[in-house]
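Heads up: the structure comes next, in structure tokens.
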């Protein structure tokens, strides 16, 4: 079985703080990480490597610094790493990003493509399904579990608001997975020691199969009209008081609001 | 693309087991406002099986027209039959705008569809307006919720957007409204139906919907495993639901469907009790629209105090038990 | 001179810090309180290769260097001193001497188990009457047909109860003094070998510290480590390496206490302002940070030299001497800055202070380190 996992390097948004005066983001010192859902995808692929001897390729698109997340994936145990990087890809919205990824995937063999459900910097959850459409592959999103039956038939558990659905589909297939369902393993020490001596393939536009029109800013149907810091709601009353007084204050406010 | 051929605000009417989802009604409410601004119509697209009787519900909630696709293949949501149906609607009816609920269904269908008809899709919009030039301005949080971005899709149609449940206000239901119902004929390409549904399991967790709660008692790292019972007690007394920040969900103390924030749910209750929550921005993004926010935290510089209406600097694990006692009296 | 840590080290630190934070720290108080050996943590560490960091890949290790190993002990100890010493004793005092002094057969027999963490290692030198004066060994190993008969006992042995392989020093020829001491590899299930009483300790309370008892215990000749009479030299060289581990443990404890304190002084308010706003606090923290950084430089330098094959005995001694004293000073100051809370078990600071004390004592007291360092100067 051949698996390709698509991952994204993202700023750890849990580490981003707001400047209380200006209301702007403090981005300095925010670490870059593998997007959590994508890391769950790596875990699923590595489990299939162990159970079904799958060959796992990891693919990311981004600037050259995105090399770091590929090294991490190598240290976790993936077999092959590809960095998709080219100025032509820059400024892409989700559809143009999906076009670039699909362009690379067209030149790779796979039975299963795994992406994370969504990235924590954009939270759009669009790239997985869009890539599936562009490659004419069936998709199962919000994946909680995957079992391999005989002849590359997959049994899939998909999360819904009320519970889950059990689905089946044949390979090739694209799934988007949830971090909470696949707790990622740690990099292992041997993997870390060897990570930087392994090859990371660099693929530019010339290595992929896609119409240039569909890439980058040009290939993006959506544009950012404007971006702005969210206005901070003014702080209300703040009190430092002992528990007795605090409870009294809360009770008064609840009464004022007709809650009690 | 002849942009002027595209008109009207379309809403994907999400149904589950024949029941119209609340987010659909919210989208119809918003669509109504947008359509009135443009002088266009609101069209609901209802896909399912034996569901045409639900058309009036959509009309009462603001639709001028309902397109019904009634096929056994559409009984339960599966990506491909739905994508084919909606593609057919887009190609034949040429909507200017298509709104979809940002549910597990909408977030599966929306991107698939946008790639198929080659248009843009803006996810999880919190604000939709019409620009002077007539195009749609789609505003959404980015960067973990602190930056807002207004997205436009000027050269492609339809302009697609998903909106999370609970974000838009419903239109006041008017059962006297009338509208047109169109039965849609779809020729499915069944060779593409490659995913088969074996069964749908409900786990009863749907009963807990923190987005519907009027009062939320929300716990964070400062509460921990030990403090949870006291929070639950307070929730019971105030007829509230318990919710939590990501810290407690990650720690396994509270289940994911109770998580508030960018990766959890967006809530806007009348009263939000933030207990031991420092207020990382991805948490604030999910609750700052709450009407009244009470925050209790040990750390005076916690960001939660920047948005709370009443902030108490103190030990939540001392204050909540005492509050429970007082409320019982 | 390049003080940057490499990309590999950066990646390793990212992993070990997350591991320590998520898997080790949550157990630290319980392990201390219940004097419980954290076997589940050892299993988790084994799975990702932390029990064989500097062991070559061909013997089942991770093929890392001593700097990665020191970083691992540092980061683990930052969360839990017990976990740090488990890895340190296992790696430096058991796997390392087999790697350095063992025959090819011995390496192939013992290293894969140790490096994979399937087997935990321990080391026995200290005896009731042979502490700092390690040459006063009373445990004897009398040659017999096909091997040696061991009699005697060892005390204060880290990992004792849970280990599967032990490096044991014993006197093979008392007339030769230190040249009469030999080193043996002893397996757990050996007739005549048993584990004695478990010590009740002030700190690192989760590490199983016990007595080892040998009563007419037959050890096959193939388990002699190095040559007859090499034992004392093996022990001393092993301790040179071990000191890097303990120095890293001390460094981790100091860093852990410092980080906790920085967090605490920003939250805790007295006289209407956070403790961090008082100049006394600021100056104390500045001194603590400076010393911790200095200790780190010494530890990394000694580890780096060992990996480069450069003589490092005095460097390891300086690293251990300084780090241990810094650990004691920083944890003590950290308790003071925490005030009454620091003295309670509600905060991890008092545990760190208790854990830190041992680093000035074991694997050579601070006084022994001073002897090693001055001997190098005066030779």
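Labels for the chains are A, B and C, by order of writing; each one numbers its residues from 1.
By our rule, a contact is a pair of C-beta atoms (placed from the backbone, for glycine too) under 8 Å apart; a residue touches a chain by one contact, two chains touch by 3 or more.
Quick caveat, the model's predicted, so the values are computed rather than measured.
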Farthest chain (mean CA position) relative to chain B: C
Comparison of A-B and A-C (more C-beta pairs in contact): A-B
Rounded Å distance between chain B and chain C, as computed from the means of their C-alpha atoms: 54
Centre-of-Cα separation between chain C and chain A, whole angstrom: 40
Computed distance of Cα centres, chain B from chain A, in Å: 21
Overlap residues in chain A, where contacts from two or more other chains coincide: 240
Two or more partner chains touched - positions in chain C: 269
Per-residue multi-chain contacts in chain B, two or more chains: 300
Footprint of chain C on chain A - complex, ascending: 68, 71-72, 75, 185-196, 240
Interface residues, chain A side, partner chain B - complex: 11, 13-14, 16-18, 20, 25, 93-95, 98, 120-134, 138-142, 155, 158-170, 173, 180, 220-230, 232-233, 235-244, 246-247, 249-251, 253-254, 257, 259-260
Of all residues in chain B, those that touch chain A in their complex: 16, 76, 78-80, 83, 103-105, 107-108, 110-112, 114-116, 118-124, 137, 141-156, 192, 194-206, 215, 238, 246, 256-257, 262-263, 270-271, 280-282, 288, 292-294, 296, 300, 303, 305-315, 318-319, 322-323, 326-327
In the complex, chain C residues that touch chain A: 7-8, 11-12, 14-15, 18-19, 47-50, 52-53, 57, 61-64, 68, 72, 269
Contact footprint of chain B on chain C as seen in their complex: 266-267, 269
